[in-house]
Amino acid sequence: MNRITVERVKDEAKNVRTLFFRWDQKISAGQFVMVWLPGLGEIPMSLSYIGSLKGITVKAYGKVSQAMIELQPGNEFFIRGPYGNGFQVESGRKLLIGGGSGIASLLPIADSETDAIISAKTRDEIIFADRFPDSRLFLATDDGSAGFHGFPHDLLDRMDLSVYRKIYVCGPEQMLYRVMLKLRDRHVNAEFSLERTMKCGIGICDSCSVGGLQVCKQGPVFSIEQLKDNPEFGIYRTTYSGKRISLNMK
Amino acid sequence: MNRITVERVKDEAKNVRTLFFRWDQKISAGQFVMVWLPGLGEIPMSLSYIGSLKGITVKAYGKVSQAMIELQPGNEFFIRGPYGNGFQVESGRKLLIGGGSGIASLLPIADSETDAIISAKTRDEIIFADRFPDSRLFLATDDGSAGFHGFPHDLLDRMDLSVYRKIYVCGPEQMLYRVMLKLRDRHVNAEFSLERTMKCGIGICDSCSVGGLQVCKQGPVFSIEQLKDNPEFGIYRTTYSGKRISLNMK
Amino acid sequence: MADLSTSIAGIRLENPLMLASGILDENGYTMLDVMKNGAAAVVTKSIGNEERDGYSSPIIVEYGDSLINAVGLSNPGIDNFAEEIRIAKQAGKPVIGSVFASDADGFTSLGLKMQEYGCDAVELNLSCPHVKGFGLEVGSDPDLVEDIVNEIKSKLKIPVFAKLSPNVSNILDIAKAAEKADAYVLINTVKAMKIDIRARSPVLTNVYGGLSGPAIKPVGIRYVYEVKKETGKEIIGVGGIASFEDAVEYIMAGASAVQIGTALYTKGKGIFRDIISQMNTFMDDEGFGRISDMVGVAIR
Amino acid sequence: MADLSTSIAGIRLENPLMLASGILDENGYTMLDVMKNGAAAVVTKSIGNEERDGYSSPIIVEYGDSLINAVGLSNPGIDNFAEEIRIAKQAGKPVIGSVFASDADGFTSLGLKMQEYGCDAVELNLSCPHVKGFGLEVGSDPDLVEDIVNEIKSKLKIPVFAKLSPNVSNILDIAKAAEKADAYVLINTVKAMKIDIRARSPVLTNVYGGLSGPAIKPVGIRYVYEVKKETGKEIIGVGGIASFEDAVEYIMAGASAVQIGTALYTKGKGIFRDIISQMNTFMDDEGFGRISDMVGVAIR
């Protein structure tokens, strides 16, 4: 376990905060860490900044993530990792598709040739829009309060994807799945970063598996080829107990 | 454990045989290995050849060493190691003093500038005399059957030791002790390789200790400074059970 | 080419390597993938009569190449597990259903369900060291063990394996109590824990967990050797196997087959194929024609 | 500068690090040298009433940084040991005499001799896992343990430590039986063995031995934590300590002092000074003024 001290915090939106800290560790874009708050629990978190100053962008859902967004400079937390494979970053023009806080883990691969679709339920939940020039940014909201009114996969219908060397997607599985269905037949090069229940983070507990692949170890980033015929991606997941439930998205 | 196959054997004297073998392992002159014959036991042995062809020169004392000298080409034994510090080999003129089979572990440091005193109880037990030109060799036997009649330390009285950059000594502790007493006041640079009961070979069982030093780990080679005020060297040893017994040599 | 096939309780295995219970065996697709990667059989995660979340995270601590876990027997409950067995069975290889309960009736009803789902054998988890009322608490009581094993054996057609704990004073008493089982599985994890000195706190939510991986291999070898020597029964060896040497060491100590768990963390699923090919070379070099030639050869 | 001194059963130690029994403590000069290298105290090799050669070599197997040993309680016999204690005592630090026997009378007569020789405490080896009739065979029988501890406590003036085994189903039963002891020492080695697959043979002459070193640290931490939490008694922690973090982990689990054995193989005698200086820095950084501030802080 590494003990980390919060150096600085930045509020990105309601219930979303980036914690900045120093950690002398090489990390690839797309990798994640397991964050432990003693007495509270441990959860997986991607890194939104991977330079010498590192950052984690947390959206509060439950007990642990809520406690994380309450951390102040000087407060401490513990991490193990980094884990997972990370993105295969290619030079050339890229498109990032980030749903909700999903854009956070895509940030480290953004450069001057990168376009981004950032989507959220509503305008207030859009984060990191300021990291992209207007000319390279597409916004989408479920309620139409900002940008395109609808989901990212619908927006894709209107875009010329042939200009992109590679497309990188991160967000809720529903969104990833629908984007995958759109891209599948358009012969594009795409990578998806998945989120599943993660207990161990190191490829042994089976809680994060999707069609035989461990998201924590063989992922969290998968190529479109690995996912398009996957029997569970977008279809089933297992709960914390290991019970198979349908995602009902077909 | 490393499994070793005997490649070739050479009889050096009655009950003394060198076993040659290949072992891809860097070894310093003076280091030793623990030789295991399954079902029989394990004993420490120095290496008499340390190049790409390695050799152990065994003198039969008891169960294990007796079985070792009966090994034939193609037979196998097991070793762990190498252990111990080895000699600090210096360039320039050297004198080796080997008592009994002690000369074996000094062989690897012999070069064209090296003189040797080889001693034994009797003529038949002298080994490796052929490895030194007559001009560089002094023989000594307890019974006078070859060379000087007497012990190596007595022979030293007649030699000019100031010509040697360093003196290396290996043999029974009685001999080492007496040589040490002679050299102590003559301000020479000398190293002694000790043999004591060795059970572990790795510095934890205390069976090989001499005045707080572990022969297996801090030795087997010690400088004259480490030995000259040692409260046990030449004075006491402990038996296999750990019982202190006097060497009665003072 | 040596013949790597072996058999345990009459079940033929194409090689001696099985997946250990609790590691990558909760989801049918994962078990399928592990068998595609060379495992001759899988043992499922231990399943109980009721759905259980197990402990909340942290449930695992890395300790070098070894692990300390307190998953807490999380499982979907036997009634939700049929589908996973069905998926795993698509590999066409043996699937062994691991079960845990606190008494003979509980074990028996689980065993019957596993049999109904098509499992080739049932493995009784008498040894999980970190959940109150189950596992070790059951498995260290010889009378209870005897009761469970005798009862389930009288009801099931498929073979029954008894997985025993290293956390006992005398394993032979327990082995004897379980002697009606078709084979023993040795060993489960060793009770252990980790404190983070900077957090000044135990790391696992449950405080205590089970140590697995290379740290426990010498302990596992000793149990397999001792139990084989004293009982002569068939044994599946498990605990810290991460190389072909480790697998062969267990076999020479008396195991007819082995299970691999923690090494999937350090070596990934490729470990099965790697060990198979290296074991083959070893057997050819050493003149062993078949696995049974090696079973127990080191016993004195 | 933090204050590293501690005390155990009223014996003051300049720092919490002692030498464990059986490692470099058969010869008085070696014990002296270990204390010159920074150990605050030494525990002697376990001494019996009669001289014993122990097992013939091989008596040790290297397993990574860990070891498996079956020395077999070799010792010169108590009557030949006075001189070693006399030499060791020249360090001016506490010397603890470890003893083994098979019954209360045997332990008591050994304890009286150790007291006569000037030892500051006696440590009862109730836990060696590889010698028939001694150690674990004695230490896993609660009635016998109670008898031994009560008898020797009634005869000796110096403190008595009870060294317990991890090779038992329930350590609390044994700890309770030994509750008259002034402190517990936890843990001895874990029963284990090694087979060399090319020799097709167990390596140790005795076949079975005891596992020590980093492999058993998580097991030792668990026992110290559990026994401290349940009994509150003073504990000396031992098992796999090879760094200041390990020592602090034992202290936070409840140990008032620790012993180091196997790490002398990997780190040499310099380990004592290294740990002392690093523990000092750690305590300063973390705001711990004295060892007692850390004892058991991780217990929940």
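Descriptive notes on the structure:
A, B, C and D label the chains in the order they appear, each numbered from 1.
Assume contacts are C-beta pairs under 8 Å (C-beta built on N, C-alpha and C of every residue); 3 or more make two chains touch, one makes a residue touch a chain.
All figures in this text were calculated on a predicted structure; none of them were measured in a lab.
For subunit A, the chain with the farthest CA centroid is B. Put simply, the C-alpha centre of subunit A and that of subunit D have 51 angstrom between them. Taking each chain's centre as the average of its CA atoms, subunit A and subunit C sit 36 Å apart. Rounded to whole angstrom units, the spacing between the C-alpha centres of subunit A and subunit B is 67. Shown for subunit C are the residues in touch with two or more other chains, namely 198, 201.
Viewed as a contact network, the protein chains form an open path, each link joining two chains that touch. Chains touching one another form the pairs A-C, B-D, C-D. Residues of subunit A that touch subunit C in their complex: 1, 3, 34, 36, 38-39, 41-43, 78, 80, 199-207, 209, 211-214, 217, 231-232, 238-244.
Partner subunit A is touched in their complex by these residues of subunit C: 23-27, 29-30, 32-33, 36, 45, 51-54, 56-60, 62, 67, 69, 71, 74-77, 80, 83-84, 196, 198-199, 201, 203, 205, 261-262, 264-265, 268. Against subunit D, in their complex, subunit C makes its touches with residues 63-64, 66, 68, 140, 167-170, 190-195, 197-198, 200-202, 207-208, 211, 214-216, 218-219, 221-222, 225-226, 245, 248-249, 252-253, 282, 286, 297-298, 300.
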